[in-house]
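Listed after this line are the structures, all set down as structure tokens.
Next come two complexes built around chain A: one with chain B, the other with chain C.
On to the complex of A and B.
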């Protein structure tokens, strides 16, 4: 479904995700990282992407966990020694640093899941088509060719099987040769046809003048407002970060963080930045639900719960 | 808005680069800086693609080869380390030169990851496969690359180099643990995957080299594509 944060102007989404990636990589206090994860998770769950999240979870934990384990094993800086392992001191600081790095990695992985769902390829291309038209066109064409070539390869396999060219039967040597034949047919066919496409592009005047780009997205008032709020809150958080607030000093000796008003302001604007899309999504969901319940009462009596147009009655 | 997009992007890039430098110098967080440097390394080659004289035929050819490289990854998705992309990129660069090889490698990484899932590895893969193509294009006129064993050894070496480049971002995320021990542990852990990649490169190059170079060279000659 294209609603809520996903239906906003691509620039808003891009600014949000660029800001999040920046904040994740700047080495902020773990509190900020956890807030960021919470914001992303809230957005993903509200968008109904729990399944995609679960699918990626084992890999994320494996990568993050290995970083968390590797750091104390190889870094021995820090004042508080917990215990000795193979004559090497394991320090509290190194363990904490490993855990923070694990959080950073987890943030990035979840960031990518959310990014993949919200900033679809067409939005990304829309934003970069003006800056790098040729690269954008090249990528889009390659993207379109992938399913086409898969389909073609299936056709080739079916047809060549009639001639006895089959990767499923025969000796290993014959199978390899047959596989190569199939790929060669795909290559030749695709190249021949693609060059015709190229000629057709030339005939229609591709490359004669500078390309204009069709913009399908028009920013409305809400888009502009959100863009402004995101920019301001992000800038405030960055400003305080440059002043040295909002970080946790671990090496050489862990310091307890004193949470002054500067940190509070920074955290507040950071929260505004991170949680705004989740809030928008939630607001949309809530409006939708309440409008279904109250504003447009149906003449037909329903047995249970709410239903949307697309769900079929049993 | 549309007109100001390029300067806007440049300003944003410089801003992020500044932040990355600050993070690296102040707190020794190198991940952001590494990403910025990586993109800076990719930028000139993509700029060259934007600026150079290129017929639509050649553009479409690059798209087809990138897409074939990306498609070739799909049947082997279940086998970790086995990536025919490298072989396709090397052969394309072998015929069409360094710049084309770079573009095909980088775009193939980007496009195949749209199907496999983007992640922090995407820019690194774009870089690694781009460099595979670039070096294959540079070395294609040496006497040993023209011989079959030389080409196979080149593919074998890049199987390992690819894995080593991909290991970098794990090491970069742990600046304080940096030691030869950590390097050895990470590179040891990836050894079998790298070996699988290297051997599969040799395998695919051995199968494809004769037929594909012939087809590609024929196309290059027939249509006058990407001639220097």
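On to the complex of A and C.
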């Protein structure tokens, strides 16, 4: 299903996700990270991907939680000692840093889920092809083989069972041998077919002239506008980061952050960057809802009241 | 159109016409395209103006999605994006590919894939189109669709089409010229009707297998075939029917027959152009008693068969087969199967029995679950509900659609030896067994070749021979006639009949109506996951309207139960003087 942010030009999505990844790794203030998570979550939920998120949640919490716990155990930097555990000082800074690391990890996990959903392989390849057409073509062809081989191997396994080649039964040695046989069948078959594919490619003039690229995506005005806004807001945030704003210094000693106007501007443009796709998605959602609620404008007056359809029973 | 037996050099000739694919070897003579020698053409012209579509729909596809596959050939020639867009739009509209545009290629059916291959070649706007048995892997419906597409191209865009085909029923009537290759030599070059006429002479009778049913029937029944004007030779079902009715009306004076005739004419005004027919109609109108000529009488009228023949569509008269015994070898009761938990039910409460000595043909559309049924019967997949039961001690042998799945050694001989070992035969026993099979399947010549180097028919026979080494009581065959030339088909049929005589039961899943009508002892139709119709070929097919043989469609108003040419000849010569 393609709608909202997902239906936009892949360049927009790529810029967005590249920006998000960059901001997640820059070591910004937790406030920024939390905002980023909120933006991604909102986008995912609006896209109806709550299930995928839920599936990944245990893993994310495990990884994030372990970082948060382990950091103070191994790192003892910092000035505020909270308590001693097994003669090791546990510092406030280390605890906080662990928590921030956890947030970064969470951000990146959620980022992946969202990225995978929005930037599908073909979209990525489309952008990639513009940069390196020949490599992109080969990669695409290779990528196609993975599911193809899986399907074929399943068929081969089924049929070879008829002649006693079965990896489920027999001694370990026999199983391994059978496994190799199955792969050999797959390889012979696929190589044979690759020759025909090669024929088909030359027959259709592969390598005759410099390749051009057919594009199925065409940037429309909204794409261009969003691209511009994302670029500008991202640049502003980045600019202030380079000036040293929007960061929280923890090691060697935690400083309280003073939230000046520069930070406010930076946070504002950051919010714009992060929340824009979720906003677009939300807008679309709202449009559908409201169009469902409202009556369709129609020239035919809708009659109210029930009409009797049955006239047979007298 | 190119025809001829497998290995006759059709593919080699076609590949020589496409410069990029010219086979390696000694070459003499010259090839010219528009007066220019073929090797001297600029690369872009050679690639673009001569297009080629191959046999295997899968192997030709390069990309992952439909739009990308279509764009591939245009991208190769560096056509600017705007032009590509227009051409793509055009071709999608022509072939109805628009709904498929963003689909992944592997989700397409075989027919769709082959249409996609054709479309992607056409995007380069070729002047000559070479097709190497393009429909051999397709089911009849998809094949017909493909050939219709070709006809449109040929007629509306005047693209030159050179096609090699085994499926002559549809292609021959469309062809302007028929070339026949045999052993690398051109043995015939004529118009379709001329080709039929040549085949009529006794010395070339072997060619008759390459003719459509209407022409074969004509040659079998007509006494003047050698001398008649070529334009009277029927090629299609419609022409065949008209010819039959014409000659019948001219030769017979029985009122009922004329009545049947007139019935047909009322139903099909197009058939009214036959020469002496209007007179017949008027005569019939005044003379026929209303009780005799009712619209339904053609079907209700029983046809008596001459004594000796066991029935229409039954076993061929030369091979007298024992009637199937009542012993049930395989039965399945209310089998339900689906591939995934959430997937649709491919088989739904399907019940089927197979008796000893039977040849049961299961037919059905694409994706009806025919192959799945075979896998379930062969014990490769377990149904979720119901049971497929074998009688005690009997075994099954399954021949899947793709014989390549069976091969894992370097020579045919090794394949067979290993299979015999697996079957548990002793060394000399295996040797004897293999020898006998080689004889039957005519594989002795290819014993030392790699299985992948064999022709499609030989690969299939090798796989079948391997299955036979297991000595199964029940053979399950998936589309065994796909891609076979007429002679190979006859050999396969003879083999199956021989096996039946030895007491084996055979279940074939097929699209090949003619084959089923001729050789099956029972036919069944798989639809919506279960068997919806079942019966002896005669009843089964004569009650169908579309799903029946070309011969039956031609003669159904006269002889509703006749399915094959042999049936017609038998009854015709018994009931009416030859025309």
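The rule is simple: the second predicted complex is superposed on the first by the 293 of 314 C-alpha atoms of A that agree within 3 Å, B and C clash if a C-alpha of one lies under 4 Å from a C-alpha of the other, contacts with A are read in each partner's own complex, and residues count from 1 in each chain.
Heads up, the rule we're going with is that a contact is a pair of C-beta atoms (placed from the backbone, for glycine too) under 8 Å apart; a residue touches a chain by one contact, two chains touch by 3 or more.
Predicted, not measured: the structure shown is a model, and the values here were computed from it.
After superposition on chain A, the partners chain B and chain C are seen to fit next to each other with no clash. Look at A:143: by the touch rule set out above, it reaches both chain B and chain C. By the touch criterion defined above, A:25 reaches chain B but does not reach chain C.
In the superposed model, A:214 makes contact with chain C only, not with chain B. Residue contacts after overlaying the shared chain place A:199 against chain B and chain C alike. Once chain A of one complex is fitted onto chain A of the other, the partner contacts of A:184 extend to both chain B and chain C. By the touch criterion stated above, A:165 is placed in contact with chain C alone, chain B being left untouched. Applying the stated contact rule after C-alpha superposition, one finds that A:236 touches neither chain B nor chain C.
With both structures placed on the common chain, the touch criterion links A:156 to chain C but leaves chain B unconnected. In the superposed pair of complexes, A:108 makes contact with chain B only, with no contact to chain C. Contact comparison for chain A: of chain B and chain C, B touches the greater number of residues. Taken over all C-alpha pairs, chain B and chain C come no nearer than 9 Å in the superposed arrangement. Contacts of chain A with chain B, set against its contacts with chain C after fitting on chain A, overlap at residues 141, 143, 148, 184, 188, 197, 199, 201-202, 206-207, 213, 215. Remark: chain C residues 18, 20-21, 43-44, 47-48, 51-52, 54, 56, 58-65, 67-68, 71-81, 84-85, 88, 102, 105-106, 117, 120-121, 124, 375, 378, 380-381, 397-398, 400, 402, 404-408, 418-419, 422, 452, 466-467, 470 touch chain A in the complex.
Across the complex, chain B is touched by residues 18, 22, 25-27, 56, 66-67, 70-71, 73-75, 77, 94, 97-98, 101, 104-105, 108-109, 112, 115-116, 121, 127, 130-135, 137-139, 141-143, 145-146, 148-150, 153, 176, 179-180, 183-184, 186-188, 190-191, 194-195, 197-199, 201-202, 206-207, 213, 215, 238, 242, 244, 247, 251 of chain A.
Listed in rising order, the residues of chain A touching chain C in the complex are 122, 140-141, 143-144, 147-148, 151, 155-156, 158-165, 181, 184-185, 188-189, 192-193, 196-197, 199-216.
Touching chain A in their complex are the following residues of chain B: 2, 5-6, 9, 12, 16, 19-20, 22-23, 26-27, 29, 31-32, 35, 46, 49-50, 54-64, 66-68, 70-72, 74, 103, 107-108, 110-112, 114-115, 117-120, 170, 173-174, 176-179, 181-182, 185-186, 207-208, 211-212, 215-216, 219, 223.
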